[in-house]
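Below are two complexes that have subunit A in common, paired first with subunit B and then with subunit C.
Showing the complex of A and B:
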């Protein structure tokens, strides 16, 4: 394994790496480093924010125009991508396989449901609610306030789950998270009368959930009072989702290059060596869990507000695997990878498979979506374990064989 | 960090068999208290309605026997590769679906068939389902897991999850989305009675098929050359290879064995619960895995003990008249047990504590 043929060798920067400016070349070299580093993200962000505009120009183009996702779909894609980037912190950075990420998504969604709906009929409390009469029953906080609350609440749940379980070895941890991922939806389904108290409204879920908005005061500068009642509702949800995603990506990139991020990667590569070097294992792992959960919670709360409801049927194990698939396809540990994998797979899930099915004349394609994702996971693992956009260090780890060598070859 | 301190259990003195169950920490005592409360609850129910209690007990025992067949597959593969073979549960479901095709479509059993036809039909279905799942298990190992044997362990685990979804969709394509059902083939007349509690033929059949399989398996692993090779490979793959054991063949054999058990389990599940579907294997796979962990993963008798305990817990939870949480909570309870065992006693009830286990 140590002497791989040249074509597998990881010496040269990858094509994607050069593209992202790490290899450099030609005219780009003339620019100052900071500009070079930020050029591509800036272009991508600019293109993404103007998507609702330039999407219009292409709708007439045959095939390609028809494949472009609608703005509503794009919101869902971005929310899932946010979760993929969050999961990437846990799985990709710290190397902790989490098969129950959907639990965090659920926790975020229900935080929004509790704090911004008519669910609690006993109280009437408004704080920054938009588009509602003052006397509407229930707790109605501003969604802008709920997003951080949901993130922190979910991070606390992440810590509570993590504290007893993070001691466990990798595959045991995967199973425990899977167990939590199964228990939490069932708890949500059953918790409609805990000693007569209706916590989650059982299988019916909680809806409607309030919409984000800026209240009546800022209408003068063009900001809508409430997204749901706004004229171009989808666009506002899209731009806000994009801002959240940019925030998530920014945090995750900063974290990766921080002291904590280096500790995560050290743990991922060799736990014993990391501990010997003085990395506090439990605290570092718990941070990974809490931060991954934080973004999952924000994404869940925002999605619940977008859909105006939280339902237990949204929180299946499948979602956890779907998110994991995004991270793996994109390349574990790579933020760009998680973004590309997330956008691609959630597009396939929302629109792509159905459109492909129509193109090739098999209507059933979406029915087999999870088989297709399973196949993708297996193929990526077998033939390109670094994912589409490989993280440099992870690539070296996989290709140069940091792990123990076996005496007999697996292939012989 | 306090957590980094070695687990308190790793004392150099090896405790005796009985002493292993004496708790050595406050958490251990809490666990013991919890078990005591459960025993009290069971006792209270037993006194309230003994015949109901025992009939529930027998249902749980039979379900546990079916789970045991699947749990053994998890334990066998884990023992040798330290891989949680997620696809195993779906292999089980496909085995059951194949058996349902043999029984319903080929033999047309249903309604009120003669005893001879039932015996022949079940025997043929058993052979075909076992062979099918066995071949499927081996193929998956050959195609996917073998290439990843030197890769990081998570890679193989993730691949297994992917395989599980592929198998589910194969079931979906082949057998459709609706449940395959069958009228009970084996009468539920009472075969024998203990006191006023009857044990029916259909339950007896399940046990009559499971117990010999377990005995043969134990003999195979304990006393044959192949079993010795398996145990050697599970202890140290490299050393086994140096001793002239064909490691790849041994691992293939293990997967074939596990697959065969899954196939037989699939048939029994179909006969016993009368319905099976493409996604049955996912849920049951998790239950069976929990059973294997409960007993001590890698330990054959542990898997059987764990499976029977899980079968009993499920039935007691759903059936007992006094203070039982009810079927809404069954899955939560099973997974709660899984989490508690992994966190507090990762070596399971019968397993040995390994350095990495804690």
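Showing the complex of A and C:
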């Protein structure tokens, strides 16, 4: 074993040092590697979990205090960031340009809608549902159960979409995913009468969707029975979303450093060479798709439960582009990049642009959102072509000058 | 296995009347070749004669439309590429095709992808590659894309060896290299073969290839024009004129 895993995984320490500035570098180097590696994530997680508390301290601070996102906004930011991290597996790790990620978001949201609402009034089935009377019609599973179900269901959809399309390369794949990203929302919009069967309730969408919660039993240790009916509703949604994001990030980092992750990167670097090394192309790409879809599905289901509804108008093509922007802006292939890109862009989208508009006295700023995101991407590509937080390989490429052409027509 | 016994001489790879197409282009028009245990066999021929296509047909990247390929007696004509690697055919592909943004070590590890997990073996294999190419040990953490052409060729061959191949296929290992590097690469090819690995060598540098090989095939526009002992091919008038550049 010895030095093998380090070459693939053990690079976090130096990054932590750089993050905390040169002043702390000397003392940090004295810490054992595992502590150094986990220090930055631990600090970030701690700050994130206590955000609802320390946000209050800054509300009086001019400008900065006003710009801090509200807790409800933060939930949406985290959900979108989860999707960006999931999409990063497909686009960043495996190099498969996916323009239809919104399909997975929709699949997750509708899974929650089917399994935790009054939509199927033919049946009355409760299992672990919270905050509802026993005799409420429809299927009502616990949201905690629905999250993994949505993930798996969406992953299966990812595999079904992937099998016929992943044989394609590059632009062709992008165009087909674009197609599927349109087909699924269109299907959802129109599937209110499949031979008389109302699957999705068409353009009206499905609402209300049940809330997460812990039921009446755990109230004694301070856990709310139902988030929606809870006194600090937003905070509970926020902490849960954060846990889901931490879980997503953990999985994606572990996957990156696994054998499968290496295979993804090999495919991204050179598909033919990867095949010649014995990487099973179809299976490896399909895994990337399925795993990307899995997290998209969980995020979608959670979001549907948070806003208590799933509506076809939420699943337009621009969401796919928006998520892709997050990954590109943050740095393709970089998990930290996807997090920063996701939080930043979804903040601007939800609150930031409007607040900035108010600050500078131009109310129309949010109208130009996609123009602004486009400009941001152009600027980042000009000045930081590898994204805000570059993936290690891209970064080294920039520093050491890896040149692709030398591989083919090299003169000694 | 029965086929191996029947052939007596220990044939490891057999191609029988293989036809391969690129779309509608008929690139291989009935290729029949064989590689025996412990041999170096070379395919020579002009650009576009079908040398690389032959290798791509064997390793599953470009399936033949007709004909049979057998490896150690098993038919592999329609096997997927990763199964073929797993069975023991590894290659250094045309144009080397390293992973430019992976380090030398990571490239070598990718070579062992099909059997990674048994890390002890991996270490002894790495040692073997570093012994053959001491330069790579010095550069193991450097990104492959920053290496010189000669070093890249070393990585490409080393990477193929990491698969512990029962048959090694090398596609144009001398391409684009300075003469001194070409000499060294061919020394190493000989050395790998002496350690027991049969090699199927595709080369434009017919002189060097026939020097190192026991047998050779001359390809012309998708067919075998000549098949003989390497020595005999070197004496052959036509080969000398066309491929060895002699008057």
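By our rule, the second predicted complex is superposed on the first by the 367 of 412 C-alpha atoms of A that agree within 3 Å, B and C clash if a C-alpha of one lies under 4 Å from a C-alpha of the other, contacts with A are read in each partner's own complex, and residues count from 1 in each chain.
Rule of thumb we're sticking to: a contact is a pair of C-beta atoms (placed from the backbone, for glycine too) under 8 Å apart; a residue touches a chain by one contact, two chains touch by 3 or more.
This is a predicted model, so every value here is computed, not measured.
*Asks:* Who contacts more of subunit A, subunit B or subunit C?
*Replies:* B
*Asks:* Just to be sure I read the superposition right, which of the two partners does A:170 touch: subunit B = first, subunit C = second, or both, or neither?
*Replies:* first
*Asks:* Which partner does A:262 reach: the first (subunit B), the second (subunit C), both, or neither?
*Replies:* second
*Asks:* Given the touch rule stated above, what does A:122 touch, subunit B (first), subunit C (second), both, or neither?
*Replies:* A:122: touches no partner chain.
*Asks:* Check the residue A:53 against both partner chains and state whether it touches subunit B (first), subunit C (second), both, or neither.
*Replies:* neither
*Asks:* Given the touch rule stated above, what does A:280 touch, subunit B (first), subunit C (second), both, or neither?
*Replies:* The answer is both, since A:280 touches subunit B and subunit C.
*Asks:* Applying the touch criterion given at the start, work out whether A:186 contacts subunit B, subunit C, both or neither, answering first, second, both or neither.
*Replies:* first
*Asks:* Is there a shared patch on subunit A that both subunit B and subunit C touch, and which residues make it up?
*Replies:* 1, 275, 280-281, 397, 401, 403, 406-408, 410-411
*Asks:* Residues of subunit B touching subunit A in their complex?
*Replies:* Residue list for subunit B touching subunit A: 1, 3-4, 82-84, 144, 146-155, 157-159, 161-166, 168-170, 172-173, 177, 237-238, 241-242, 247, 282, 286, 289, 293, 328-329, 331-332, 335-336, 338-339, 342-343, 346, 356-358.
*Asks:* Any idea which subunit A residues touch subunit C in the complex?
*Replies:* Per the touch definition, subunit A meets subunit C at residues 1-2, 4, 7-8, 259, 262-263, 265-266, 269-270, 272-281, 393-394, 396-397, 400-404, 406-412.
*Asks:* Would you pull the subunit A residues touching subunit B in the complex into a rising list?
*Replies:* 1, 95, 97, 99, 164-165, 167-172, 174-176, 178-180, 182-183, 186-187, 189-190, 275, 280-283, 317, 321, 324-325, 328, 367-368, 370-378, 381-382, 385, 397-398, 401, 403, 405-408, 410-411
*Asks:* Going by the contact rule at the top, pick out the subunit C residues touching subunit A in the complex.
*Replies:* Residues in contact with subunit A: 59-61, 80-82, 84-86, 91, 93, 95-103, 105-106, 109-111, 113-114, 116-117, 119, 122-123, 141-146, 148-150, 152, 159, 163, 176-178, 181.
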